[in-house]
Amino acid sequence: MSAPTGEDTKNISHLAPSNRENSDQGETERKNVGGNDLTFENPDKTYLDSNELIINMGPQHPATHGVLRVILKLDGEKVLGTECVIGYLHRGVEKIAENRTYTMFNPYVDRMDYVAAVSNGLGYCEAVEKLLNVEATPRAKYIRVILTELNRIASHQLWLGTHALDIGAMTPLFYTFRDREEILKIFEKYCGARLTTHAFRIGGCQYETYAGFEKEVKNFLTFVAPKIDEYETLLTTNRIWMERTKNVGVISAADAIALGVTGPVLRASGVKWDLRKAQPYAAYSEFDFEIPVGTNGDTYDRYLVRMAEMRQSLRIIEQAVNSIPEGPIMAKVPKVIKPPVGEIYHSIESPKGELGYFIVSDGSTQPYRLRVRPPSFVNLQALDIMVRGLLVADVVAVIGTIDIVLGEVDR
Amino acid sequence: MNPAMNSALNSGLNSTAGMAPVATPYFFYGLAALAVVSGFLVITRRNVVHSALALIVTLLSVAGLYLMLYAPFVAGVQIIVYAGGIMVLFLFVIMLVNIERSVKERRFNSMWPVGLSAAGALFTLFVFAFAKGRALFPDRMMSLPESSNTQQIATMLYGDAGKIGPYTFAFEIASLLLLVAILGAVIMTKKKI
Amino acid sequence: MPNMIAIWMPNFIMSYLGSTVTPGEAGSQFWALIYVLIIFAGVSVAVMSMNWLERKALAHFQIRLGPMRVGPHGLLQPIADALKLMLKEDIIPSEADQFVFWVAPLIGLLAAFTVYTVIPFGPSQAVSDMNIGILFMLGVSSLGVLGVVVAGWASNSHYPLIGALRSSAQMVSYEVAMGLAVVSAILMTSLNEKGTGTLSMIGIVRAQEQQGIWFIFKFFPLGLIAFIVFAIAMIAETNRAPFDMAEAESELTAGYHTEYSGLRWSLFMLAEYAAMIAVSSIAVTLWLGGWMRPFVRLLHGPSWDFIFSLFPGLTFLGLAAIAFVGVLRMPAHSFFKIQKIGLEAFGGLLGFIALMLLVIAIAGRSQDPSIGSRLNESIGYIYWFLLKVAVFMYLFIWYRATWPRYRFDQLMRVGWKVLLPISLAVLIVTAIVGVLVA
Amino acid sequence: MVPITTIHYLVVAAALFVLGVIGVLTRRNVVVILMSIELILNAVNLNLVAFSRMWGNLHGQVFSIFITVDAAAEAAAGLGILIAFFRNKETVNVDEIDLLKW
Amino acid sequence: MFFLNHIYLIPLFPAFGAAIMFFFGRKLQKTTVDAVCVGAIVVAFLFACFTAVEYTHFAHGTGQPFEKIVYTWLGSGDGHLNFTKRDGTLASFNADAGFLLDPLSSIWLLFVTGVGMLIHIYSTGYMAHEGGYYRFFGYMNLFMFSMLTLILANNYILLFVGWEGVGLCSYLLIGFYFHRNSASTAANKAFIVNRIGDAGFILGALTLSWYLGSFRFADINTLARSGHFAIGDPVLTAAALLLFVGACGKSAQIPLYIWLPDAMEGPTPVSALIHAATMVTAGVYMVARSNAVFILAPTAMKTVAIVGALTAVFAASIGLVQNDIKRVLAYSTVSQLGYMFLALGVGAFAAGVFHVFTHAFFKALLFLGSGSVIHAMSGEQDMRNMGDLRRRIPTTHWTMFVATLAIAGIFPFAGFFSKDEILWQTWASEGGAYRILWFVGYATALMTAFYMFRLMYLTFYSPSRMSHEVEHHVHESPKSMTVPLVILAICSIGAGWLSWPHSLGGSANFEKFLEPVFAHEAVVLQEEGKSGQLAAGKKEAEHTDKTEYVLMFLSLAAAGVGWGMARSAYLTARKDYPEPIAQKSPRLFNVLYNKWFVDEGYDYIFTGRRKLGEVRLGAMGAGEAASWFDAKVIDGVVNDVGWVARAVATLSTWSDKWIIDGLGVNGPAILARMISYPARLLEWGLVQWYALVMVAGLLGFGVYYVWK
């Protein structure tokens, strides 16, 4: 990953060191995990043999999900290497945190992964709570779980629509947006915002659930379950969909772990790792759900895993709504939040993977340093090894399947 | 009732013969001029793609001339094979070999005056031969049965009712030639065999 | 003078309607010209309405409404689009090859429209009946590739070049399977007493008439397989979903016409839709009996003829009814007043056409060669032909709404490794069966 | 207006032939030379079809079909050689191809 | 009789595996390579077992050799390739593809295939992460093929084929890591040194055939035992000495032992199989096989005994101070081979063969164990950086401990029996003529115990001296490696019991088994009146003596003392521990550590790589001398002659240039060139010019026809 240079794409040749030597020794095959070797001998020369074409995909491109710029080195249509250029959406969120009080910074996190703003808020609030050594009330925890899981469904729905659109199936997009709308309505009724919800506060939730909240959520559950089946009818057994996604963008479990990939991408490679089970936060330890995993780690598996995750989320929400306890929604938190000196790392399972907050407190009202571990940013590293040797069309599919949000990548 | 309408009215509606030639000398001159002019463009354009486009025009006008000669099948073959097949091949190749350089280079080789004069001599010879042998070419033009043209060509190529046609073997050999050409082209263009 | 016209007009029209051959065959340049004009205008209108229909149908597939603002239910949308495209600045990139960039869309358009000269909307409802009709059609439609290649090259840019190479490779590849499927249909035309087949489009439909069977059902399932091969190949041939590699927007932005804008871009669109209609017409002609109405064998006789001749009118009546239902469903708000009036007028127009058609059907039910009966017959031919084509158009839209896009290598694999062997096998088996039957 | 006779076609064919010959003899670009050869072959075809009509039989047309086949083969093989050559020498100019060996 | 009749299949199984690897190996999966190569050896082993069983039935305890001649591959037997023998009669030169199985070769057959099989299995674990997997196994199989050919050959020529084959495989496998400079140098060294021995061997074989008229062992033995030849026959002595030169090369005896320590550059299984258990005993086999000839040459026998004893003590002394674990074992091997030759030299063939047999097991075990240690240490071979491994790699530890006890000669492990037998025979033979050699051998036994326990303590017991990184990675080897170790350990314990000596109440079955091969020698010797040399166990049985018990106790004591010294010196060796020898006598330590400067000496004397003062000796010295002679003397003469010739030539040139060339040659050539120019126009490579010529031709035709 490198900063945007704005230069001619031909000049990228010197960005990466050459690793051409030893390439002809078949016995010692090397795999360049996550590295980039966009080197070629003479950029001005075009041989028919090796007409390596450098194509600049993005930052303005319909399939890069925002302002991602991918520089592709192609042999014909075969991808020889990629280089991601990021930072077009950099807003300095982490730096802003150092100049805001803990409470003031809370809305900012919603702007990172704007597709799953609730998860971001949850992670931040829990991190600060851990730093303060307070715990949210049980009711608040349940509300948090419900909203977060709803948001997970919404995020996956948005992913499914755009991903399918990238592969050429335009209809699922509208289906998923139709159903996502119901979730957004619940959000709106709960906290007044649809996208950047700012639903939680440090120590609990600010708002009590509105009248009929449970009923609406239950209605939503019965409403959306058949809809998920509907998406699957369109895609799961569709031959073209299978041909486009099976064995495309394969990443092995070892590679995924080596690159720090988390979330559905990791689980599709067969690693049963979900922070909700591994280190339960909020009220997750009280619910019964499963972690869907894939086997091949290809695009199709990632699709299936996310579909299954949506269903699991429904299960969690159902249990939570049925057993939501009564009580206060805010724990006792000082008016002015001044955490003790110390540092804390807290991570949650956001729809895209492990979302972690590392906060260093110097005892003042503002964090001394705040660092976010964004799942999209880490997962994006896997792009290169996933698309090597595939075709241009697969690059689009793979970018879609990693499920990145540039707001989170660039922060 | 004006004459034009009248002629339209009478012009062979219900005339089952339908063989009255649509072709008029104007068509001939137009197509011939188009063919020759675009042929000239083929050999003079600096940009090879322009040459290829001009060649397509030539080929299509020659196809038109075939139609005038009651050879619709040959015209169809001309369009399919030449315009649709060979010229696409040419365009592909032109895109593969970069032409930016050739656009800036000399178009003609150093012996172009010799070549031009030789070709001129050839044309003179042709014209002279036509003039001298005028009598050899009868003015009449046979009227060929257009509607059964395809069937007759098929009969000559494949034979009829169990008999082998006069060109059947030649046809088979031509197919072999094509096969060889395909294989040769594939082998030559493959990077690594 | 008016008197003369009054006498002359029926004669003149009758002179045409009475003809059993196409104007081209008859050598009637005048009627041929008229035909060319009608077809050009008709295809243009068809493309425009197709544009509207596609947007509406696709929208309803996707649980949305589609164009609703320009005219009632967006009926005037295509006109607005056309105006917009014509008024837009026609940008030619400075690095592009000016002349070739300019001429490329024209090549595609020319190829797409030239094909219509031999499409038989009825036994005499075609510009000309060439005896190499299908050959000519395949040849000319293959010229469309040139426009694509040249457009991609002239843009002097990466995406268009890749798009052009993709789509031309695709079109050239699928032409092979398509041609072989067509040959197996042509082979079926030779199953008569004389044993001679025909390449003429009209001849092919006539052969189906004589054999009393649509070729899709001939030698079941051989005809069906050949038809399916053709139906798949024709989608690829026209670069439509799921084979729309060339303009795969998520990968190549817009393929070979990325750099085009305004009118020149709309010419590409026009060519694409015209080509869609053209290949559908070929399919209809070769396998679906062309202008023949359904159940010619099964349900014959004057009464059945009459019942079937009511279909055009009833169809328009149905459309008018839909329009009026639409009027009724509009909200009772003054904002919708003009919309209501517009839709009512449209419905009225449809209803009027329906009425006219019904009148003609009833008036022309006799067998005598009156204007009415000839008119009735012609309308029947054209109606059935267009209805079959319309089914294909709907299928095109349906595919686009349902399927993801193939990848390029998969597409080529389907073309060369699946369709080509199948079509070859069908051709060989058809030949063997044909010999056995004869 | 003089009716169109065989000689008219022959003159057109001769003109195309001579244009093709000029192209072959003077242009440097191999692609253009191959196209000029197509011109020459077309001139021949035109002659054959014209004679076919003159004599009222179809042998000329059959021959022209064979020549078309030949032209296709020639284009395929010629362009194949051209690509193979370009890959090695990076030129398509015929006067730079004068080594009589690779 | 199926197995005996198809005995030629035994070498062909590994040959098949090698061929598969050679042709398809690169494309095969590792599992396939395993299946083919290891499978071939397993099949060969099973086949060999059945063959041996069938052979015992065949021989009925008479030791009658089984000979199977498949075809004659060199010469024909019909007189095409005849040569004149020394006595003037004609003999036909003919070498068969023939297979001989007698007790001697059946013992070799069994332990070569058995140990080879275990080492192959071990290698699947050891080599699992190395490149060139298929190459390794292909070479190994090729080696097995060559070794089995060597063993089963019924004549010297076929034996020589196997002899060279194992040499080649040894070369290939030492140089397996050919990208390492040291490995390729070591491979070259082994190859070149072996060539010296091979030259001796082939000369010896040819001398024998020149003298006796055949290559076949059976013929030669029969002739030698026929009594026609006197003891001490000079030709036979020369032949025996030449053969022994060959044995020196292959079995690493002084002065040709220098290649073996360097051969440890190869992978450890190779060291175990080739450079400890099997190939290096080929010399012993060959001498034992030629026993009839050697018996007739007492001088040669003495040479063998002395060289053997010297090699034993010499190598053992170097082994005392080496730090590389494999090098210690290599010198140990050389030393043990010396023992074997000592036994052969004193006429105790059976004892020598028995030591080969037991040594094969415990030395293979030691090497494989060291391989396991190296595997565990991530490639570290220096004992100074090891220590305290016994708990981390327990299986390796106890198996190696068993092997150490065996090699040190502790009762009742295998080494005790064989070594004690050799020492006792040395003491007893020739009526005590060799007792000085007994002392040498005894000293060697002491040193052996010391350096082997030194190895054990430094590696397994002393405090850990590993770096942290290595320590972190230490792990026990996989099953495929430890299971062969365990099997070999069991063999190391039990192999000696096969020949439980009479003195301890046993029956010495092993020697009884070998008796038919060597018994005749005793007969011959008795006829000649030479009493002392004991070629067979039969005599020894009668010869139970109190001295034997004393010697037995003494050698046990030596082993114990060596153990104790090593324990006291190395049990607590921390980092930078002192070497006891270095403390006592730094100079001696230096000499020993540098291997008595033998390599350097060879460089001075034989290769000439080092200059002795200003003089260069050896091969390079000879080269330099030849070069000087060539440059100064021969070239001087040549140059003088050349000057005269040049003077003549100058004159001649002038006339040639101006008179002959000018008038006679160039004139017509210029003429021809001028005339040929128009023709050249047709053929100058420009395509368009050809086209122009075509157009001109067309014009010509047209003009001709128009105006005709």
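Just so it is clear, A, B, C, D and E label the chains in written order, and each chain counts residues from 1 on its own.
By our rule, a contact is a pair of C-beta atoms (placed from the backbone, for glycine too) under 8 Å apart; a residue touches a chain by one contact, two chains touch by 3 or more.
Not measured: the values here are computed from a predicted model.
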Chain closest to the assembly centre - both centres taken as Cα means: A
Chain pair showing more contacts of the two, B-E and A-C: A-C
Per Cα centroids, the chain farthest from subunit B: E
Subunit B-subunit D separation of Cα centroids, rounded to whole Å: 10
Rounded Å distance, subunit B centre to subunit C centre (Cα mean): 30
Rounded Å distance, subunit C centre to subunit D centre (Cα mean): 37
Computed distance of Cα centres, subunit E from subunit D, in Å: 74
Contacts with 2+ other chains: residues of subunit E: 688, 692, 695
Shared-contact residues (touching 2 or more other chains) in subunit C: none
Subunit B, residues touching no fewer than two other chains: 73, 77, 85, 94, 96-97, 109, 111, 114-115, 118-119, 122, 126, 149, 191
Interfacial residue positions of subunit B with respect to subunit D in the complex: 23, 25, 28, 32, 35-36, 39-40, 42-43, 48, 51-52, 55, 58-59, 62, 65-66, 68-71, 73-74, 77-78, 81-82, 85-86, 89-90, 93-94, 96-97, 102, 105-112, 114-116, 118-120, 122-123, 126-127, 130, 134, 137-144, 149, 152-153, 156-157, 167, 170-171, 174, 177-178, 180-182, 184-189, 191
Residues on subunit E engaged by subunit B in the complex (per definition of touch): 688-689, 692, 695-696, 698-699, 702-703, 706
Of all residues in subunit C, those that touch subunit A in their complex: 61-64, 158-159, 162, 241-242, 244, 248-253, 400-410
Subunit D to subunit B touching residues, read off their complex: 1-12, 14-23, 25-29, 31-32, 34-36, 38-39, 42, 45-46, 49-50, 52-56, 58-59, 61-62, 64-66, 68-77, 79-84, 86-87, 92-95
Residue ranges of subunit E in contact with subunit D within the complex: 684-688, 691-692, 695
